[in-house]
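Each of the next two complexes has chain A plus one other chain: chain B in the first, chain C in the second.
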Partner chain A sequence: MSMFRLMGASLLAVTVGAGAAMAETSKMRIALSNNYAGNSWRQAMLKSWDKITKKAVADGIVAEAPAFTTAENQVTEQAAQIQNLILQGYNAIVVNAASPTALNGVVKQACDAGIVVVSFDGIVNEPCAYRIAVDFKKMGSIQVDYMAGRLPKGGNLLEIRGLAGVFVDDAISGGIHEGVAKNPQFKIVSSVHGDWAQDVAQKAVAGVLPSLPQIAGVVTQGGDGYGAARAFAAAGRPTPLITLGNRYDELQWWKEQKTANGYETMSVSIAPGVSTLAFWVAQMILDGKQVPKDLTVPFLQINQDTLEKSLATTEKGSVANVEYTLDDAKAVAAGK
Partner chain B sequence: MMPAIRRLSAKPWIWSYLGMTLVWLATTIHSGGTGGAQVLTAALSFATFTVIVGIGQMFVITTGPGNVDLSIPSTISLAGVVAMKVMEGSDDLLVVGLVIALACGLAVGIFNYLLIRILRIPPIIATLSSSFLVLSTAIAYGRGLKIKPPPLLADFTTAQVWGLPILALVVILFAMAMSVLLHRTLYGRSVMAIGQNMRAARLAGIRVERVRFLTYTLSAVLASLTGYLLAGFSGGASLNMGQEYLLASIAVVVIGGTSVAGGRANIPGIWGAAMFLFLLVTMLNTFGASAGIRLILTGVIIIAVITTAGGDEPQR
Partner chain C sequence: MLTAVTSPKFLRAALPGASFAILLAAIFYVQPRAMSYFGLNLMLQYAVPIALATIAQMFIITVNDLDLSIGAFVGLTATIGATLVASTPLLGALALLAAIAAYGALGALVHWRNLPSIVVTLGMSFVWLGVAVLILPTPGGSAPGWVKAIMGLKTPWVPFPVVAALVIGIVVHVFLMMSSYGAVLRGAGGNPRAVSRAGWSLLKIKVIMYSAAGFFGVLSGLSLIGLTSAADAHIADRYTLYAIAGVILGGGEFVGGRVSPFGAVVGALTLTLTGSFLIFLKISPDWQIGAQGAVLIVVLALRALIKRREV
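And now, the complex of A and B:
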C-alpha cells in the first residue's frame, strides 16, 4: 500500500483532503478503459460512471477517475491504451474489454506493476484480474421460470434470439432451453433471430407467425420484445406473454398495455450503471478489503409494481438504469 | 402455349417471381397450408421498403460498371432519426417531417455526387465514406433515441384493406411510375445509354454528368423516404434500422434481372426479388433451420438465382 501512496503523492501535487473518512484511497487514481461507446447502453454506462466518480472525487474518496474509450473497438488499440494507463501510474484500472483473452498480456503487465485490474461486462480471463461477469444463462432461465409461474398449464413458446455467432446469444438461449427442459409443459415451437433490434425482430416474427399455432409466451433477449409485440398486433393475433429487456420502448409499450388492459409481464437486463459497481469494487480493493476474484453482476429486474418508477427514471430511447453504491458493492462482494 | 412460355422466360424478371412462388409454396406446404395468405401479406409489407431503396439502387447500378450507392443504410437511419425527432410524435408536423427527411436525402445525394465528380473518388469509395459521415451525424443528432412516430404515420404505414397493405399498393403504383420514367422518358433512356457506353452516350449529346447527378440524388432521396416510412412502420427510428438494406438493395436489383454491368434494367423484377428474399428467410425460419444453415442457404440461393437470372449475354 505504501508504494501506492507514494506514487499518488508524487504524481499529484496537491490534493485537498475532504471527507477524511475514506483517507485510505483519497489520493488514489482509478481509470476506466472502455472499448466501445456506439450504442445507447454504452452511452448510459459512461454517463453513470461520470456521475458517480465525479461525486466520489468531490467527496475525497478518490483523487481522480477518468474514463477512456477506444475509437475502433479493437483489441490492439485497447491494449495500447491500457499500457498508457500503466505508465501514467493509475492505482486501479477498470476494464470493459474488447476480448476476454486478447488483453491478458497487458492485464498481466498491469498486475505486475501493482495495479488492481477490475473487468466487468466484457471480462478478461487473466487470473490476476477481478471479474464482474453477467450470468447470461440465468438471464434466459429466469424468464422461463417466470412463465411457469404465470402460465401453469404451459403452452407454445416463441424464442427470439440475438445476433447469431455471438456467445451471449448462445448463453441466453442455452438458459432458455434449460428452463424449458425443467418445465416440460412448455414447448419452443420456433426460434428466430432478432439481432437485439426491434425492427429485425418484428420482421422475423411477422414472417414465421402465420405458420405457427397459438403462442402462449415469447421469450426474448432484450431489445426485441417491442418488435415482437408489433408483429403480433399487425397479424391481428392476441398478444402473448412477452418478457422484456428493460429498453425504453419496451417499458413504454408495457405501460400502455397495462393501462389499457392490465397486461402483466416482467423485464430483466443488466443496468449500464454496472460500471459504477466496478468502480466501487476497485475502490474497496484499494482500501484493503478482501474481495473474491469472481463476482456476478446483479440483474435489474422490473416487475408490475416497479414499472412506473423505472419508466420515469429511464431516459427516452435508453435502457433502465441504476447507479450502485459502495454498500451494493460490499453486498456483491459478500456474495449476496 | 409454347411461344408464350418462351417469351416469358426471355423476360429477365420472371426468375424472381418463379423463385418467390416456389419458396412460398414450400413454406405453405410445410406448415400444412395454414397461414399462406398471411405470409404473403407480411411479405408485401416488408418488401415495400426494400423495393423503394431497390429502385434508387437500380438507377445507380444501371449507369454502368462501378456505380453503386453504399450510403443507402446510413441515409435511411439519418432521415428516420431526424424526421422522428423533428415531429416529436405530433400529427401536425407530418408534412414538415417528410420534407425534412427528403431534404436529408437530397443533401446526402448532392454530397455523394460532389465527392465523385469534384474529388474524382470512385463511387464505391465515395458513397462508403460518405455513409460513415452520415451515420456519425445521425449518432450525434439522435444519440440512439427511439422516438415514436406520429400516430397518423404509424397508422398509414401499417394499414391494410382485405389483407393488402395500403403502403404496398401505393408503392406498386410508384413502381409503375418509375417504370415509365425508366423506359419512356429522356432521363430514363439516358441512364441506360450511359450504362451501355458512357463515351458513346456523351458523343450522342447526352449530358452525362447531369444524368449521373440526378441518379445519385434520386437514390439518396428514395433512401430517405424509406427511412421516414420505415420509422413509422416499426414504431420509431433507430441508428441501425438501415443496416440490412445495404446488401438487400443490391441483391433485389440483381436478382430482379437488372444487369450488374449496367445499361439494362427493369422494375417488376425488384418487387419479385424483394418478396423472394423475405419469403426465403421465412421459409428457412419455418423449417427451423439453424442460423448458420440459414445464412449459408441464403447465400447459395442468391448466387444460384443470380447465375440463372443474370446468365444473359454480356453487353460488350
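And now, the complex of A and C:
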C-alpha cells in the first residue's frame, strides 16, 4: 500500500516536473475580445494583432488566435461575447474592454473557468485579470519635461486638450499640469479642447490666438498638433515648439519643417501594436512564466533622429506603429 | 388532429418556441460544449435582464404605446443599484420607488395630454441617462451582495437563467393573461373606447401599465448589476431595441393589445442566443448586426405567412 502511494507520488512529481520543463503553448488558443473598431488607431491595432498572431500560429507557438470585435461598443454585448469565448474553451482571452468595471462579472467567470484574462488599453479592474495600462499622466508630464530641456528659460504654454469628459483627457491634462508645477518657469496661458482631431484643434487654436501673448510651446494630446501648427501659420505668428502625437499628418508636417528650417520637436503616443504586447504576455502566462498583474504600456516616442524611419512605416491617415515581440513582453513583465 | 396542429392559431403560438428550439439545436451542433449546465448558464445569463426589460416594454406595447427609454432607464436603475442601494439600502429603495413613480407619471402625462409616447419616452431617455451620469459619473460602484447572490444562484438540475425565465413568464402570464383585470388592461390596447365606455378609467390603466414597466425596468437593472458586479450609465443602451425586438419576436403586435408574456421571454432568450450563435460561427463583426436583423426578418416573415392564413 505504502509502496503504491510512494510510486504514485513520484509519478506525479515526474509529470509535474516534465510539464514545467517543456511548457508548451502550441496547442493553446488565445482570443482577442475587442469593444470597438471605428477609428484608425483601432484598425491598426487589429491589423497588428492579425499580422503577429498569424505568424505565431504558422510558427506553431499557439494553435489559434482569432479576434472578435463587438459591433456597437456596448458592455452587455462584450460580456456576452466573452461568455461565448469561455464556452469555446479558449485558454486565454485578451480584452480591450468597453468598461473598466462592468465586465468584472464575466471576467471573474473566465478566471474561475481557468482562463487567463489579459486586459490592455481599456483595462478591467477585476483583480484576477492582468492589466497592461497606459500611463496617461506620464504621457502629459514627459512633454513638459522635454519642453524644460529645450526651453530652459521657460515661457508661455498653450495646452490643447482632448474630448471633454473622457477620463483620458483628464489624465493627460493632469500630467501636463503636474509637469508645469514641477517646472515653474512655464505658465499655461490658455487651454482649448481639440478633441484629438486636427480640424477641431485648428479652429479652437485660431479662436484664442489673437488674445494670447507670445507662445513658447504647445503641449498636446495627439491628433491635434498639426491643426495647432496650421492655426499659428494662418495667423502669421512664429511657429512655437509643438509636441506631437505620432499621427501621420503631424509627422509629415514635422518632416517638412525639419527639411525647411531644421525644426526640432518630439512626438509621443501609444502604438496600436500594444495588442501584440498583450498577446505575448498572454502567451508567457500560458507558458507558465511569472508575470505581475499590473504592467505599463511602453510609450512610442519619436525623436529628431528617428523621425524619417517612423514616417516611412506609418500609413497615410494612420498613426505610427510598432509590433512587439516576445522579448519586448518579457522586458515589460520584468518592469524594464 | 392534424388540422389542430396546422391551424394558424397554434402555429402562431408555437413560432417563438420553435425559433428558439431551432437556434438552440444549431448552437449545440456548432458548439457541443454549450450543451451542459455550465454552458446554458453562461449563454443565457445575460438573457435574464433582457427578458425583464422585454416584459417592461411589453406592458407599454399592450396599451399601444412604445417606450424608447427603457434602455436608459435600466442603465439608471443599475447605477442606483450599484451606488445607493449598496451603500444606504433605505435611500436606494426610495430612489428606485421614485423611479417607478416617475414612470407611472409618464403614463399619466401621455394619456392626459394625449401625447405620442415615442416622443415623450425619447425625451425621457436623455433625462434618465443624465441622472445616471450624475449618480455615477465614471463607471464603477459595486452591486449589493444579495443581488449578486441571487444572480449567481446554482439551482439544481436546471440552470438559474432558465428557472428565472420560467418564473418571470408565469408570474406575468397569470397577472396579464389570466386575471380579469388583466383582460381589461389588454382591452385598453385592443379597443380603448369600449373599455372606457364600460366604465374603466383609461388614465388609471396607463398609470398601472407604465408603473409595471418601471417596476420590471428596476428588476432588469438590478439583475444586470448582479451579473456585471458594477455599473456604467451606458450599460443597457441597447436594451431599448432588444426589448422591442423581443416583444415582436415573441408574437406580440405593436397595436391591439395582442401580446404574450411567455413569447416575450422566449423572444428575449432567442435574441441572446442569436448573438452567441453568430460568434460561434465566427461571423465577422461587421456582419453580425445584419445577421441578427436577418434572423428577425425570417421570423417575422414566417409570421406574416401564418397571418395571411388567419384571415
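In this text, the second predicted complex is superposed on the first by the 313 of 336 C-alpha atoms of A that agree within 3 Å, B and C clash if a C-alpha of one lies under 4 Å from a C-alpha of the other, contacts with A are read in each partner's own complex, and residues count from 1 in each chain.
What we mean here is this: contacts are C-beta pairs under 8 Å (C-beta built on N, C-alpha and C of every residue); 3 or more make two chains touch, one makes a residue touch a chain.
None of the values given here were measured: they were computed from a predicted structure.
S.K.: Could you classify chain B and chain C on chain A, in the superposed arrangement, as clash or fit?
M.R.: Overlaying the two complexes on chain A (C-alpha atoms) leaves chain C and chain B fitting together cleanly.
S.K.: With the two structures laid over each other on chain A, which partner does A:79 touch: chain B (first), chain C (second), both, or neither?
M.R.: Second partner only, chain C.
S.K.: Scan A:109 for contacts with chain B and chain C and give back first, second, both or neither.
M.R.: Second partner only, chain C.
S.K.: Who does A:174 touch here: chain B (first), chain C (second), both, or neither?
M.R.: Neither: A:174 stays clear of chain B and chain C.
S.K.: Counting only touches as set out at the top, which of chain B and chain C does A:203 meet: first, second, both, neither?
M.R.: first
S.K.: Output check: A:230 vs chain B and chain C. Expected answer is one of first, second, both, neither. What do you get?
M.R.: A:230: touches chain B, not chain C.
S.K.: Counting only touches as set out at the top, which of chain B and chain C does A:70 meet: first, second, both, neither?
M.R.: second
S.K.: Considering the aligned complexes, could you tell me the closest Cα pair distance between chain B and chain C in angstrom?
M.R.: Superposed on chain A, the two chains' closest C-alpha atoms are separated by 11 Å.
S.K.: From the superposed pair, tell me which chain A residues show up as contacts to chain B and also as contacts to chain C.
M.R.: none
S.K.: Mind listing the chain C positions that touch chain A in their complex?
M.R.: Touching chain A from chain C are residues 31, 33-34, 39, 42-43, 45-46, 49, 138-141, 224, 227-232, 234-239, 272, 275-276, 279-280, 282, 285-286, 288-289.
S.K.: What residues of chain A sit close enough to touch chain C in their complex?
M.R.: Residues 37, 66, 68-72, 74-77, 79-81, 83-89, 99-106, 108-109, 167.
S.K.: Could you list, by residue number, the parts of chain A that touch chain B in their complex?
M.R.: Touch residues, chain A against chain B: 38-40, 43, 161, 164-165, 190-193, 197-200, 202-204, 206-212, 226-227, 230, 234-235, 247-249, 252, 316-318.
S.K.: Which bits of chain B are touching chain A when the two form their complex?
M.R.: Interface residues on chain B, with respect to chain A: 27-28, 30-31, 34-39, 42-43, 45-46, 139, 142-148, 158, 230, 234-236, 238-241, 244, 278-279, 281-282, 285-286, 288, 291-292, 295.
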